[in-house]
Amino acid sequence: MTTETSLGLWGIPLGILAGTLRGSAPFLFVSLGECLTEKSGKINLGLEGTLLMGAMSAYGVSFLTQNTVGEFWAPWLGVLAAGVSGMLLGVIYGWLAQQHRVNDVATGIAMIILGSGLAFFLGKPFIQPQAPQLFTFRWGSWSDIPAVQAALKVSPLFLLGVAIAPLLQWVFRSTRWGLYIRAVGDSPQSARAMGISVFKVRMFSIVVGSFLAGIGGACLSLYYPGVWTERISSGQGLMAVALVIFARWNPVQCLWASLLFGGTQAIGPAFQSVGIDSYYYLFNAAPYILTLLIMVITCSPKRTLVGAPGALGTDE
Amino acid sequence: MRDRKFVPLTRRQIIRGLLATSAFGITTKLAGCGSSPSPNSPATDGSANAAEEVVVGFIYVGPKDDFGYNQAHAEGAAAMAQVPGIKLVEEASVPETAAVLETMRSMIEIDGAKVLFPTSFGYFDPYILEMAQEFPDVQFFHAGGLYQAGVHPDNVGSYFSYIGEAQYVAGVVAGHMTQTGQLGFVAAKPIPQVLQNINSFTLGAKSIKPDITTQVIFTGDWALPVKEAEATNSLADQGIDVINCHVDSPKVVIETAERRGVYSSGYHANQGPLAPNGFLTGAEWDWISIYTGLAEQFVAGKTLMAGDIDHILRGGLAEQFCKISPYGSAVTAAAKADAEAAREALISGELVIYKGELRDNNGNVILADGEQYEQTNVELEKMNWFIEGVKGSIDG
Amino acid sequence: MVSRLTQGLQGENWRKSLEAIALPGAALLVALMIFGIFCAFAGANPFGVYGSIYRAAFGSWSAWQNTLIRAAPLMLTALCTALPARLGLVIIGNEGALVMGGIAAIATGLSLGTALPSLLVQMAMALAGMAAGGLWIMLAGALRHYRGVNETISSLLLNYIAIALLNHLVDGPMRDREFVTKPSSAELDPTNLLGTLPGSRIHVGLIFGIIICVIAYILIQRTTFGFAARTAGGNIRAARIAGLPVGQLTLATCFLGGSAAGLAGMVEVAAVQKRINESLVSNYGYAGILVAFVSRHNSLATILVSVLLGGILASGGILQRSHDLPDATVLVFQGIVFLCVLFSDSLYGRFSWFR
């Protein structure tokens, strides 16, 4: 046991920085997944359920395979399982939400119930045992201060997410697939006229988006906080939907927004740890208030939002 | 019961686990989780001899396998079901709304329950009180010291353990082990029970080193894993080297503390195996002895209404209503010796945790010199202050 | 779906109205089949499970009361989504509106105390709850209309803000230190509590729910206001050109929807919980969203769908008690039922027999 030195007020910025590095990965993956989904013209609120299902399957598979493939690879199998379970839920959602007269918001909420129900049902045996966790890069080893060392433990999943964000941006901007997705999301009718299958493009976007959201769940259960419990997500999947709008459907901005949202989770505890201890409920609500304010400031009735997919929120 | 803790897979759970894995097309052998057949599965189809059985209903506010508060009760219930003549019905994840009224009613009307154990603290008022008036021949037992003779119906009883005693002993260990003199406490909400744990823990530590402080962080809810981990990290950042908690499931706090290389103190159940290096000890409920004892009285036909069973069943370490987790490997011999001494003194009644002169952390005198609050004192149930040395505020 | 039923009864051909019953009914059967298979996998006898669900939800007068008690708040929270939906708005701020209604109701009830006759206090509480819930959702409508802010997202965020406000109030300014089980406000005076219906344990909230749903139906189907809202909902741009006051309609439907959820909050406080605390947030809002969509925003159908969901919720316990299934089973059941019934909507007009 090493004696840690007290950081005093420096603990606040360090805590928020560390909270950002630790806590933003699930936001990042779910928001990238939601961004892709919304770009194709559907809002998938069901990613909350996908996140839970991903967290459960990642933890469960990591736990069950640790003796077969070893403690290093088991969590990676878990990550894969999280993605695959997300895709399965995505297929259900993608098929259902595209049926005539079926509303995507309602389907999403039903998917939250089904996804969380399945995750809780199947996840009972995994609450108590410890599953092998993903390794982390220790970028803080140059420092003698344990708090800094702990803050700079970075997950490879986080780095993967950081890499996917610009990649997704490039896909949207510069590839044929990106063009298809944007066309389908902006104007399904003209996309049909171009000979694009709206159903297939949306299905693809939704399933890939759900894959990413499932991996977001794996970040929760295999990296930080690194457990499987039924309350693991505390609404992060729903929050990611708001986050995408906050980020204007731009994957790179999703990255910044995720960092911001991840960091705000640390504000309440960091302030209390140095003795600023009033209004913590309101501190905890900070990301929601912030998002609402930014939406109010940046939106305008005169024009649609820059980057907003035209078909979003319509029945087309 | 203890040895069941870490091989928790029952046959049914394994079926579910298999369902989980095969659903993803991954076949694995369940190495390492030997299929111990469930020793305690309650007889669910004992309708044939229902006439002689006493049906006991247990209601939990969350999942009954949460590795925390609810699981502690569920394990006690499973032990109760082993008593011949007892039939157990259980319902988990029942919110503190009209839903719990309906659950109690269904247990009474459909399952024929004669005794109910709604285990969540928040079920008491108004829900248990309403049902108790409507069903005067059904006994309601509530975990918490809230029963008041003459005020509440005769068929309501409360049972509770002075878990603050176990927290005090954990505090003694923490006081020995801390090198910085700073302890941390991750708490959910500022209700009297939580405050009592924080204060008792701190008093235990201060009995070793009077200058010790405890920094409290409230997360705002009973189960917020990310916030709990964040709170633990923030405490460690501040140089705090022993972290205790009062949340529904302490696993996150204990594991995060272990990763940060600081000591941890558990709650609800034994979390020792989660933190082989840093776990010190913990305050655990011991519902098994209470529940099996009550079960034998039910089978013998004793009731609250007839006055055969006490309306208030409370006890601490002495009565085995709570206990201390096995000491972790890091705990020094000196710490163990003092902790055992404190435990003995609490059991014998020589040691009273709350005694004067005691000030709160704003400098107000709570107890003057010579005064003391015995464990039975209702003031403790209404605690709304932190003692000197606790850093935190109970106003949200 | 059941909206079709009511349309059908107005003189169209009977096969079409049969379709409105047959499709969701068939969807329910399919959902039960899928759930039965799920139960079989989990080691429970599906037919035993069906029997238990029926007994626990509709098998006796007591079971019916259980179902109706759970249905009552859903009728009101569903309107929070259903009314603005007539204008094409997707509001999911039901939980927040319920919470705000509860806060306003208790604040009114506690400050009036016994100064006025209890009937007046109850009316003041109901009005305060409705006003608070209404204004809360109207905020989302106003942001939509004046700033172009997506109402789905803003109302979702307002949920979290309302819940944080509730927690802050009961932990600080409104806290009753004598009540020790959880941070809560003080208790309402017993005379101000809402009673139950004669001969039952169902609180009067059920009557509120049914009456408000009927009023909402008449408002939408039988008044000029409703006609204007439905017209505008069909095509906002055309409505503007036609000179309909789209802004006022937006604010009004949002206010009415929110006030229904606010009333649900008031009922929850005045009939069940007697004080406010974290238990006020118990998913009636989110369930209400689904009820609204499944009933296709038709307020009469809302009553039936609420009773159906109430029955599912009522049967959740028996699955645990009699079949040893875990607590999450009822969530799986709900998810399957909702997905199947939502899907059945897409089948309208696919079967030529119904034409």
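Each chain gets a letter, A, B and C, in the order it is written, and its residues are counted from 1.
Everything below uses one rule, namely that contacts are C-beta pairs under 8 Å (C-beta built on N, C-alpha and C of every residue); 3 or more make two chains touch, one makes a residue touch a chain.
Computed from a predicted structure; not experimentally measured.
Asker: Both chain B and chain C are touched by which chains?
Answerer: Correct list: A.
Asker: Have a look at A-B versus A-C and report the one with more C-beta pairs in contact.
Answerer: More contacting C-beta pairs are found at A-B.
Asker: Just curious, how far off is chain C from chain B if you go by their C-alpha centres, in Å?
Answerer: Whole-Å distance between the two chain centres: 36.
Asker: With centres defined as the mean C-alpha position, give me the chain A-chain C separation in Å.
Answerer: 29
Asker: Calculate how many whole Å lie between the centre of chain A and the centre of chain B, each centre taken as the average of the chain's C-alpha atoms.
Answerer: A distance of 34 Å separates the two centres.
Asker: Residues touching two or more other chains, restricted to chain C: which are they?
Answerer: 42, 167-168, 171, 326-328
Asker: Return the residues of chain A touching two or more other chains; collapse runs of consecutive numbers into ranges.
Answerer: Where chain A meets two or more other chains at a single residue, that happens at 120-121, 124, 230, 279, 281, 284.
Asker: Please output the residue numbers of chain B that touch at least 2 other chains, ranges allowed.
Answerer: 16, 19, 63, 220, 395-396
Asker: Chain A touches which residues of chain C in the complex?
Answerer: Residues 42, 90, 92, 143, 145-150, 152-154, 156-158, 160-161, 163-165, 167-168, 171, 286, 289-290, 293-294, 326-336, 338-339, 342-343, 345-346, 348.
Asker: Would you tell me which residues of chain B are touching chain A in their complex?
Answerer: Residues 5-6, 8-9, 13-14, 16-17, 19-21, 23-26, 28-32, 62-63, 65-67, 179-180, 182, 184, 215-220, 223-231, 233-241, 249, 251-252, 255-256, 259-263, 274, 277-278, 330, 391-393, 395-396.
Asker: Of all residues in chain A, which touch chain B in the complex?
Answerer: Within the complex, chain A touches chain B at residues 1-8, 11, 14-15, 18-19, 22-23, 56-57, 60-61, 64-68, 77, 81, 84-85, 88, 120-130, 146-147, 150-151, 220, 224-227, 229-232, 234, 236, 265-266, 268-270, 272-275, 277-281, 284.
Asker: Going by the contact rule set out above, which residues of chain A touch chain C in the complex?
Answerer: Counting only chain A, the residues touching chain C are 43, 45, 92, 96, 99-103, 105-107, 109-121, 124, 230, 235, 238, 241-242, 245, 279, 281-282, 284-285, 288-289, 291-292, 295-296, 299-305, 313.
Asker: Given the complex with chain B, which residues does chain C contribute to the contact?
Answerer: Touch residues, chain C against chain B: 41-43, 55-56, 62, 66, 69-70, 167-168, 171-172, 177-183, 268, 272-274, 277-279, 282, 313-314, 317-318, 320-324, 326-328.
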